[in-house]
């Protein structure tokens, strides 16, 4: 592998982490969706680049899925849902953005420490890829738990999943990557449909607590 | 493809699912459902006598043969139970015919997915199968379309998805660990290859992978604090599904964990998976034990009891060693049989009383003696009282633990005691006291329930040597 | 062969259970079950008596049941033979009693299936020779008796009693399980034969002893683990109460003896301090609790606590002597304990039968609603009186013999080298004497208020004598009480093989002695002859009676009671159970129960009645169990909030678990 | 031959105690009266009372049961048996080995048990008062007594009265603190057990503080006579026990010479006289206490008994 290949891969993966941070930073839904689209775009690029340098043509399929489905269809669909259902445009947060960012930094540090320690045998590419992927996963989770808003959480889950795809493509020669990304796309579609169809607007954490609480768990 | 027993346990449910999706009517479909599960069970039983060699995708070895037989057996009895249960649901109009069709199809898909997860030799395939199983059950949990059911299904879906994502990450990491040793490509995901070469893997990477797998599949197993979906999903779905969830799906997820634990056990440098499993197991046990006390919904009560028992099983496997592993396997089997029997009973109870609220169902032994005593017997079994099978496994777990780690055993014992208290506190207000609620006769088949309990009873007193040898062999495999 | 016979008997009993469900009508089922139980128990008793009296060597049988690679081991030796006799005697009495009494049962379908199974459980505990079989039978015994306690489940108290019972029973089982876990070691040597051969280290032995003390003690009813006992025993049907109090607690004692004296290795001297302290407290607390009761069956149940304390005093002494290799004294103490086991099982069953007969005749357990039954139920009253005398440890009945032997063992304590024991044992002796005297007071109360005086309610006035089966059972036991009281030598000799096996020594042979008296150590030291005393009393009483009737007036007039000239026809003016206990409550109750009496006396001219309220607190419950229950409750309440989190918060839990595990991995070296 | 002789001696002992008992009671009453500067009834008045009572009809309460009629005989028999086993003028009585000191206490306990039952039998309120107080007193007196037995048994190595007496008359005893404490405790117990002042007043009736008299309130005629006789027997029994334990001088031991027997009887009568005098003196000197002070009194006896036992180890240690 030539250094330039490596550098590009590295740069793309790093960019993904950076965009994850950007997502954390957003406080408007539309902006968040846009940033997510960028996230998926970078992922598609990264996967494509991996397909290129690993000489693994099936990865292009994954890249295409990422590009079409995640970078375009889903954000648009979510956009429409927001409009149709009249969801509040702001993002309610549990902790302030600053704190979230700090926590995010901590998570990135944690994932770097963990990954760099454990993957010494793997190639450098895989090593750093994995470190970034883990960061993205953790940041996605962080987003899910710090956003009260359903759409925010869906975006969190999607970026988490992007991290997984990044890891899967980084793992050289891994079979089933395409299948996995298809499976996840279906999963996400389900979530979006769930939000749309069942009008589960704010079930992650409700705005109108009193109404929704009565359906949660055992009746109090 | 040569049709052998292994493919049969996959093909039959898959085919039945398609058939059931297409067929209308209730009586016929319910019978087909039973027939399909019976056939699957027969095929699974034939695995005891001869099994095909492991392929790149499918494998049957001593470990999963046990699981397959257990799964197909409970699947069969549950389908029998489901026939009478769903009939009643149709009668009272809680379910409409289209939904019944959907339900039957999904039931077979679920059986297919679980069997696939069990026979999969490829860790990626296993992951996919478990995901299918999860999604199927999500749909089944939400089948009643009530607010509560949707809420439960949604919660299950979200938490399950996150779990599935974490498990996938772990799977990728295992592949990464295997790749330098086994080489790129499919082989690095084939379990039978992995386990023979695991000694050479990078231990640190395996450790990390195991953490993700533990959390990912642990979510499915229902270990605290990843359990949140479990009680609601059990409570709001149709009871046959609760029985299958508790009796089978949790086992399947645990089975996946065990497979990976074996990888770690085969690697001398890796972190011992024991302590992690032991602590999560104990945490689940103690947590669920306390949660039993404030339950007001009968199905949630037993859902928490499932968490508790999954904790015990995880604990036993975490302790390791032939005795504890044997106990864990035995406990798992006994728990599947008992818990599904309890859910059968609970299903009928909820139907005759028209509610799931414990407060509204007093004096069950007075109004419905057979049902009431069946439920009591089930609770007695699940609380680990003799002469039923769980007593034996708890005996082995506790006594073998106390000699090795006294403090853990004491926590374990306290957890068991608290759980027993919680279960019987609730049972008392269900089965005893002044009768409350309707006393109409139940239109139900008690055969599956008592068949399970009978098996559990027999196992508590006498276990056939062949089965024991089998278990011992598997316990040895688990390390 | 004997063992096989007994096991077949046990299996037969178990097989009876399903017949209870299918046989109709219920009367037939009742006769069938109890009759068959009676017959089987007689057979089993004959077998075990034959084994014990012939001093036959131990027999073992291994069946391919239980833990597969281990099998179920059974063993019949002197100790288990002795306890089998206790179990079978109790079973015979209870079955015979139930042949008549069982027809009064309101919920026979909840009693009949479990009754024979309960007997099987007790038999199997005594015979078990490996840890698994032992615990299985032990917990099976608990479970079946729990079901029997729940027979009258519509009474909320009973449901609560059953709950507490089951939790305590499981606590005990789990303690025993841990104890066995220790003794079995990590290799899983679960058979008693392996444990006997293992010679555990001092620390393991001590831990096991403590665990067994908790485990068996909770079943036997040692204070402070006794709380379930006075709730559960009375809740069951009376013949079952008799079995639970008279026999099941003895099976628990058996468990303690078997494990501590045989499997846990040589005792350390301080074991006996623990046992003796608990036993002394148990004895006195048991009887004080009993004195405060006015529920007849509960009073009897508390007396079981007291008597278990006496048994454990004997066992504690035996441990002390054994620790210092004073095997002769140990044999004396051990024999005293075992004899008391037998005696208590006899008279406690008898008393519970009596209370059952009263319950059947009047529907009342509350003594304050009874009275004057001696007129309506003279035969029951007579046999109940025998039981009362026996349990109050009065000569010439059997209760006195075992307490006397215990005193003799206590008197050997100065020879113990340990100063702690030297000083403790006399104090325990004082407690024992105190409890004996209080027991007498308590049974004067129980008998006097229930059977004597005038009927306090219509129910008591309308009572009828018990049926002949019940009476036969009670008379059988009363006769046995007398026989064991006047011919104790025979019983002591029967215990000797058990004592030789476990202590390594036995009391000198008694049956050959002049006049059948018993001499524990030496004739100059102490001796007792119940037979002679009995004859002596009969002769002198007859002498006095005949002399008076011969030489003086034998005329008799009936007249209203004098009562110092203030007779009141209202039976409520009689002394009640509460008022009888008042002096003792004043003396002991203020400390032990924080008893408070609140009296309200209306001013002169006010026609309202005066009132007196007595408040008693159960300190053990208040300071031990209530906080425990509150802790569990509050923990449950706090944790229960986790049921009502939002999905996001649940996700936070998952996330937190992930981060923590990752951090652990990061710092892992 | 020896058996017949022993039987005779045992018979003499039985007759002796039963004959002396009323006399002893009468003697105490007389001394008390004299100490109070009253003339007092003649010493043989108790005999007259008993004879008169036996001639009278029994008036039985309507609610009384068969137990009520049996109890006097039982009480008398138990007390008599107990009293005939205490060495008075001779140790090693024929049947003395059939019951040791503990058994004697238990026999008395049995007598009290039945008497208390009889108190409850009629169903009148006074009987209940008596029974309940009697059992309360007994519940403290009996353990105290047992502790005294412990002390003596530990010193003498026996609970057999004969052996203890023999040991006490031997030279090996010496003066011991424990023995002194035990003596004091024993006297206190004896006072309580016999219902003497300050615990109970045997001469009163119809007083809220009465114990024994309240129990036997419904008895009349021959029944009452037996009970009264049993009470006297109990008193003389305690006097004899104290005498043979703490003043074992003059008791004939195993030898059977007739002069020794006569010396024994004479010594016994002398000891009884002294005991009776001391009792009367004590009773005139103190006042009756409230019933709820009794536990304190007996609690003190119990403590003394326990202390005596424990001090034994100390004095042995020296």
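Miscellaneous remarks
Chains: A, B, C and D, in written order; residue numbering restarts at 1 for each.
Convention: a contact is a pair of C-beta atoms (placed from the backbone, for glycine too) under 8 Å apart; a residue touches a chain by one contact, two chains touch by 3 or more.
What you see is a predicted model; the values in this text were computed from it and never measured.
Central chain assignment: C. Criterion: smallest distance from chain C-alpha mean to the mean of all protein C-alpha atoms.
Annotation: 68 Å between the Cα-based centres of subunit A and subunit C. Distance between chain centres (mean CA atoms), subunit A to subunit D: 98 Å.
With centres taken as mean Cα positions, subunit D sits 35 Å from subunit C. Centre-to-centre separation of subunit B and subunit C, using mean CA positions: 43 Å.
Chain contacts: subunit D has no residue touching two or more partner chains.
Multi-chain contact residues of subunit C, defined as those touching 2 or more other chains: 643, 647, 651, 654, 658, 662, 665. Residue positions of subunit B touching 2 or more other chains, listed in rising order: 154-155, 158, 162, 166, 207-208, 231. Viewed as a network of touching protein chains, the structure does not reduce to a path, ring, star or complete graph.
Of all residues in subunit A, those touching subunit B in their complex are 114-115, 117-122, 126, 130, 133-134, 137, 141, 144, 153, 157, 160-161, 163-164, 167-168, 171-176, 179-180, 183-184, 187, 190-191, 194, 198, 200, 203-204, 212, 214-219. The residues of subunit B lying in touch with subunit C in their complex are 154-155, 158-159, 162-163, 166, 207-208, 211-212, 214-215, 219, 225-226, 228-229, 231, 271, 276, 287, 290-294, 323, 363, 365-366, 369, 380, 383, 385-387, 391-392, 395-396, 398-404, 406, 409-410, 413, 416-418, 420-422, 424-425, 428, 432-434, 460-463, 465, 468, 472.
For subunit C in complex with subunit D, the residues that touch the partner chain are 371-372, 374-375, 378, 381, 385, 389, 392-395, 400, 404, 407-408, 410-411, 414, 419, 422-423, 426-427, 429-434, 436-438, 440-441, 443-445, 447-449, 452-454, 515, 517, 523-529, 532-533, 536-538, 540-541, 544-545, 548, 551-564, 567-568, 571, 573-575, 579-584, 586-587.
For subunit A in complex with subunit C, the residues that touch the partner chain are 94, 107, 110-111, 113-114, 117-118, 138, 141-142, 144-145, 147-148, 153, 203-206, 213, 216-218, 220. Considering their complex, residues 124-125, 128, 131, 135, 147-148, 150-151, 154-155, 157-158, 161-162, 164-166, 168-169, 172-173, 175-176, 179-180, 184-186, 188-189, 202, 204-205, 207-208, 231-232, 235, 295-297, 300 of subunit B touch subunit A.
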